[in-house]
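There's a structure below that I have some questions on.
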Amino acid sequence: MKRVFSSVTDGRGFDLVLVGVPFTFLLALAGLPLLYNILMSFQEVDMFSLASVIRPFVGFKNYVDLFTEPETISILKNTVIFVVGSIAGQFLVGFSLALFFWINFPGASWLRGLFLVSWVMPGLVVGAIWNWILSGDFGVLNFLLQQTGLVNGNIFWRSDPNFSLWAVILANIWLGTSFNMILLATGLAAIPADLYEAAEMDGANAWQRFWTITLPMMRSTIGAIIALGLIFTLQQFDLFAAITDGGPNNSSNVAQYWAWDLSFRQYDFGKGATISVIMTVFVMFAATVYVRSTRHEVRG
Amino acid sequence: EDVKLVLWSLDRDIQPAPNLIKEFNAQNNGIQIEYRQLQFDDVVSEAMRAYSTGKAPDIIAIDNPNHAMFASRKAFLDLTDMIQQSKVIKPENYFPGPLKSATWDNKYYGVPKATNTIALYYNKDLFKAAGLDPEKPPQTWTDLVATAKKLTNPSKNIYGITFSAKANEEGTFQFLPWAQMGGATYKSINSEGAVNALTVWKQMLDEKLASPDTLTRSQWDSTATFNAGNAAMAISGPWEIDRMLSDAKFQWGTALLPVPGEGAQRSSAMGDFNWAIFSSTKHPKEAFKALEFFASKDATMYKNFGQLPARSDLPVPPTGNALKDSALATFVEQLKYAQPRGPSPEWPKISKAIQDAIQAALTGQMAPKAALDQAAAKIKSIDG
Amino acid sequence: MTHQIELSAVNKYYGAYHALKDIDLSIRKGSFVALVGPSGCGKSTLLRSLAGLETISSGDLVIAGKRMNGVPPRKRDLAMVFQSYALYPHMTVEQNLTYSLKINGVRKAERQRAAADVAAITGLSNLLHRYPRELSGGQRQRVAMSRAIIRNPQAFLFDEPLSNLDAALRVHMRKEIRALHDRLGATSVYVTHDQVEAMTMADHVVVMRNGIIEQQGKPLDLYDRPANRFVAGFIGSPAMNFIPARATPDGRALVLDLAEPQTVDLGCPLPAGRALIVGIRPEHLTLAAADAVGFKVDVATVETTGAATFITTATAPEIVVALNGRSVVAAGETIRLTFAVSNVHLFDAATEQSLK
Amino acid sequence: MTHQIELSAVNKYYGAYHALKDIDLSIRKGSFVALVGPSGCGKSTLLRSLAGLETISSGDLVIAGKRMNGVPPRKRDLAMVFQSYALYPHMTVEQNLTYSLKINGVRKAERQRAAADVAAITGLSNLLHRYPRELSGGQRQRVAMSRAIIRNPQAFLFDEPLSNLDAALRVHMRKEIRALHDRLGATSVYVTHDQVEAMTMADHVVVMRNGIIEQQGKPLDLYDRPANRFVAGFIGSPAMNFIPARATPDGRALVLDLAEPQTVDLGCPLPAGRALIVGIRPEHLTLAAADAVGFKVDVATVETTGAATFITTATAPEIVVALNGRSVVAAGETIRLTFAVSNVHLFDAATEQSLK
Amino acid sequence: MSEIARNRLLLALSVVMAAIYLFPLYWMYLTALKSGSEMFATPPTFWPSSAQWRTFTYVWESRNMGRYLWNSTVIAFGAVALIAFLGTGCAYVLARYRNVWVDIGLFLILMFQVLPASLMITPIFVGFSQVGLLEYPRFAVILAITAKSMPFFVVLVRATFMAVPMELEEAALVDGNSRIGAFFNIVLPLARNGILVSAILIFMQAFGEFVYSKSMIQDIQLQPASVGLNSFMGPNTSEWNNIMAYATMYVTPILAIFVLLQRRIVSGLTSGALK
């Protein structure tokens, strides 16, 4: 007993307790639901059997059915575009802002705080406002574009199949900016100043310092942000519901919205779960990349 | 010890359920009802989840196209016998459409709670400005298109008409009456009349008589553009009346939905909820008593809550506001032709097939006929 | 331009703390300047100001004839060894070394050659692919050093570059640095706490205290003719002994204020009756035969490094004597010390300025 | 228990790198051990293993009679000065100093008093409320030092604690550390690159190279009787001169392998014809009168620190001569060097082991 | 360019950027003051024709917002506390070592949050109902939020711990600290930037959490503000001005608090620590 106690205060036991408890918690509350979902994708599920684990087993039928639907491929393609476009946009905008506010000028830290807005606003409100901003007839985006003479007819961001997905991406970039910005700002703050001094002595200009010091030193932060950004983007569906409803004609439909639509509008839980499993595989790939990237992190 | 019942609905504080419950509980007749408010999107999934974990409420208000899904699985209690013996609830007092939506296999699995439908609103000022007779709204589809063309004025940001072809149940709700007026049903969604209907819709979008955003805008948001004076006509339901009275700064009127041609059969969509009792209830009698109480209040439904009872035996009392009364008259008339969606336990999937067809045709990615053919095939495979 | 670097009336404040006080300093092109002074006197601050890493609060900094106050470090063409090393933790040793070359667009093959050359000098050849966190303290310092000397800058700034190296390596590096300096004809400013380094490497030594320059000059000038008591005590190790004394009223002799006052005749006129401080270096004191001239002291401790022996006396203030080789003197003995009059330094007791 | 710390067959690997190789070491209670060796030889690793910060890969570590391999650092009751200082950046100097006291439940007033006392010794009194980032390099090192000596532990581990201090302060701190050590009767292990520190402070010196202990013993023993060429060269500064030589076939005399071979008679029998290395310390070489016995060399450079002069010869290998005071010898001259036979060290050319 | 001019320029630039970025917030405030259909007017109006201040009092009173906000606060604090309690240590361990187990741990952590709340709710609801947790609905929601957001917290805070030099912890151990003591006294304070920011993000997220609350908290007395907000949405009605007024009262205070809090992100917490 004493040995166990002393291991907990001083040795490996401390580490084991620190990871053990949360992992047990997560296994129960997040791991089991994940398994439940995977299981459902191989079963036929209806309202009566939601609560039971034993349900008619259908093998890969849900998967096969899904891939015979004509829209599947285009939806998966949309998903990739959505994820890549959103993450790239959020990251670039967020990083630019973080760098900008990293410059020390009076008011910088206050103004930086305002960029948290997109994280606080309720999804319902955000959706409604973007719905309005992106409206074809009276939206402010068209209004501004026309006032500045950039376009001369209204662009129907939401209803033109060529634009609808990008409209949601635009809104999602706005939404993700705060998260990226504030975390990248924290990461920047943690880089020791003397590295920049050394780099400056070595003749590196601001641009070179950014590429050779800032970026590699922030590797662990950037890795975490992109990994999490990916997951958030893959869960985003408020915006789809508010702005395009996946339309027109599925041109802005993505896997997560489709999964939600199948599960909660068409009550086809099996297929909904199947899509989420496909997405899980996608994330698994990304998670592996992230975990591998942590090998090159710099320990302080 | 009082019997405790749980009731779920999406009614807010100014809507019937919570208020009726208050009244009911105040009677102190040994039954107390506990209320929970749900969101529109969640009613079915919450109910399913609760039902499958044995935590279903006793009574629920369910959207009429979803009724069959529960009824067909016997998740709802068969009320046929109780209704037969009831002095308050009499099937013959109800509009046939709403009643049909609560019926499955010729048995009653619920009672219509309220009803609504869609009709045409139009802006009389804009009619006048376009040289049209404000008292002669369009009667037929061709009429409608021609009128819309005249009313459309891009320089003033005015569209001829607004409606919703959104990729959700609202799109189906708006399109189905058109298809049905053309003689189609959901089982024959690719029949000629439906194709015509879709072709007319497509024409209105292609010619920019309606905003391209019709494809992604809900009925409520669409009608808001009408209220703001940016659309000359709107297709929507009675729920708009109050907002229109306060927001619309112009003269407006209502009319029945135009028909395909002179004298053609009318049809309309039917909305709103039904009462149902879960088959898992431990107190079926008490629950039915509550339904009887609610039905007994149908007469004041409009006055108190602005909703139309699904009853053909109750006149809608005048409100004192002429504009409102005339609009209501239109809707009550339109209700006579209202048909339920389905009923089918697979309605959500059927509806999805219809939405897909509408969107595919309106975005020009498929011809109306081809799109509806595809939908028909899908519906066939779903409906068996 | 003979003066490569000129500072005039430079001040630096850290908040309220006045770290550099009216520094005037001219550094000739190609010279090797050692900057010495007690811990915290402002050496690093001065170096960092030269490099442009600190903005000076007032005064002018001129490099090669151009006023440089606001010029960013990278435009000054200086190489610096940081006291804290400031190695790039995410780069291998080789990448650390070649970073500046890479920035300047030197080709890869050439960079690698340069790194190999420098690593051979600093003994890092086997460690080129390690990361800084996998190095010992001295190895890190050598990386910091190598990173500076791989370049051919106009001037080098060294901030205690050898403090964590062993004696042999230090001797070796000293030679290499000086050779490099001579080869490139660069100007070097070198902060060190090591007396031998300062005296043997530098052409010019600057002694600082509390943010001001106390004295500067050729190394041996400072050793032989310190301007004041502080410099006298600071240059030379072990430090000079200071004994309070008073000139006799006739100015002929000196009375040392030891436990028992001892009179010494310096054979030169002294300011009559004045309070003085006598300074004499440990290496200039020798053991005298019992009857020779000198003064008597009791021995407190005897330490030896093998090559030298340090005797500390039991007087107040204590006196240190440095003798060659081993000595037979033991603690507790009484010995007689003597010295050459020419090796005595006299300071005014009040101002502490040299009287010579 | 006479041995406070005992290491037997201790090995430490960093991944594939073998940092400590079969270390056997016994440290007597109350002794002051200096750990010296070239940069990267494993001194810090050994110290960190003692402290419990590195888990040793094999072998036994016994402290005060108890096997301590797996015991956490805080149960070892050691104080350590880190080579990298490891100051708590979010605490003021005072908080840094008193942190260990606070953990042990010492009262606030008492902690402050202790901090004031230590700060007075290390000259930090004015800086108690500064944060580490506001200190100079030497001041940081003094904080690191003070943080260790504020406690009364069983043993002190010092990892180059004075490397960044100026000479005067270093002398002062040396005394204080030794006095503290004696007062507490604690055991100290002291890593240093400073010869004087190692020789004057320690009772026992351990010389390491490449993860092994080359020799250990009393300071003067190492100076006088180095076991091999490495130790001979490492102890003493400037380092011992090594001249390849060969005994004459009759074993009577030695032929030094300089530019022109020179024969020296040591007056003792030598292994006939064997290849040898002659070691002689710079301070043991003296200038001989032109006609005295000795050998002739050309002078390459002459450096002086004021107190001493170092002459480097133009021979291969070069020979360094350390002379007292200033010398008149100039570069380019030819001089004769002589030495006492008793000061010569002989090493086998192949094994490099001492022949004495 | 002088220092002052530079600062002014930067300030002006950042105000412009903030103005663009904050437009949706402005629009929320604006819509709250507009009448229902004015939002859809062409061309858009950037100032309310007649400000409807009454909307705010109406919304506050009719929805009993005080109670909603209190519940949101309880849930958000509960979730943040639990997440910080469980997640900080976990992140620390995952940052401290570099081996296969850590790889596996990180991988799992990411996989644990792959499902959106809408898909997690069914199994969690089923599970909670079986163990009776639904009797304590706010606690149940806290647990669910914790499971959902902890991975996020762990991954981010881990990145922060990476920047804390191991040597400082070692120094604390030698100074006589236990691992726990060193963790709390040395490591945590130095990682506070990242922990603070992650906690802020989590708090905001939990404060607006909607999916779990609406399903698990059936008693209106216990529902959070996010659920209350949706009560303005009907099948065929959306009271945008009320929704925006509600959202305004709901968002503005937390935003203000966190604008203040995040200022504590200061640079270089560890400077001066190591040679």
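Things worth noting here:
In order of appearance the chains are A, B, C, D and E, and numbering begins at 1 in each one.
Criterion: a residue touches a chain if its C-beta (ideal position, glycine included) is under 8 Å from a C-beta of that chain, and two chains touch if they have at least 3 such contacts.
This one's a predicted model, so the numbers in the text were calculated from it and none came from an experiment.
Counting hops only between chains that touch, chain B reaches chain E in a minimum of 1.
Steps from chain B to chain D, minimised over paths through touching chains, total 2. By C-beta contact pairs, the most connected chain pair is A-E.
The geometric centre of chain A is 37 Å away from that of chain B, both derived from CA atoms.
Remark: chain A and chain D have CA centroids separated by 57 Å (rounded to whole angstrom). Our note on geometry: chain A versus chain E, Cα centroid distance of 15 Å, whole angstroms. Counting only residues that touch two or more partner chains, chain E has 39-43, 122, 126, 129, 165, 178-179, 230, 233, 238, 268-271, 274-275. The residues of chain C that reach two or more other chains are 83-84, 137, listed in rising order. For chain A, residues that reach two or more other chains under the stated contact definition are 9-11, 50-51, 135, 137-138, 192, 194, 263-264, 298-300.
Here chain E touches chain C in the complex through residues 274-275, going by the rule given at the top. Chain E contributes residues 165, 167-168, 170-179, 181, 185-186, 189-190, 268-275 to its touches with chain D in the complex. By the touch criterion given at the top, residues 46-52, 131, 135-138, 156, 158-161, 164, 243-251, 261, 263-268 of chain A touch chain B in their complex.
Put simply, chain D touches chain C in their complex at residues 14, 36-40, 43-45, 83-84, 123, 134-139, 141-142, 159-160, 163-171, 193-196, 199-200, 219-220, 223-224, 233-239, 281, 283, 303-308, 310, 322, 324-325. By the touch criterion stated above, chain D contacts chain E in their complex at residues 48, 51-53, 72-74, 77-80, 82-90, 99-100, 103-104, 131-135, 137, 140-141, 147, 151.
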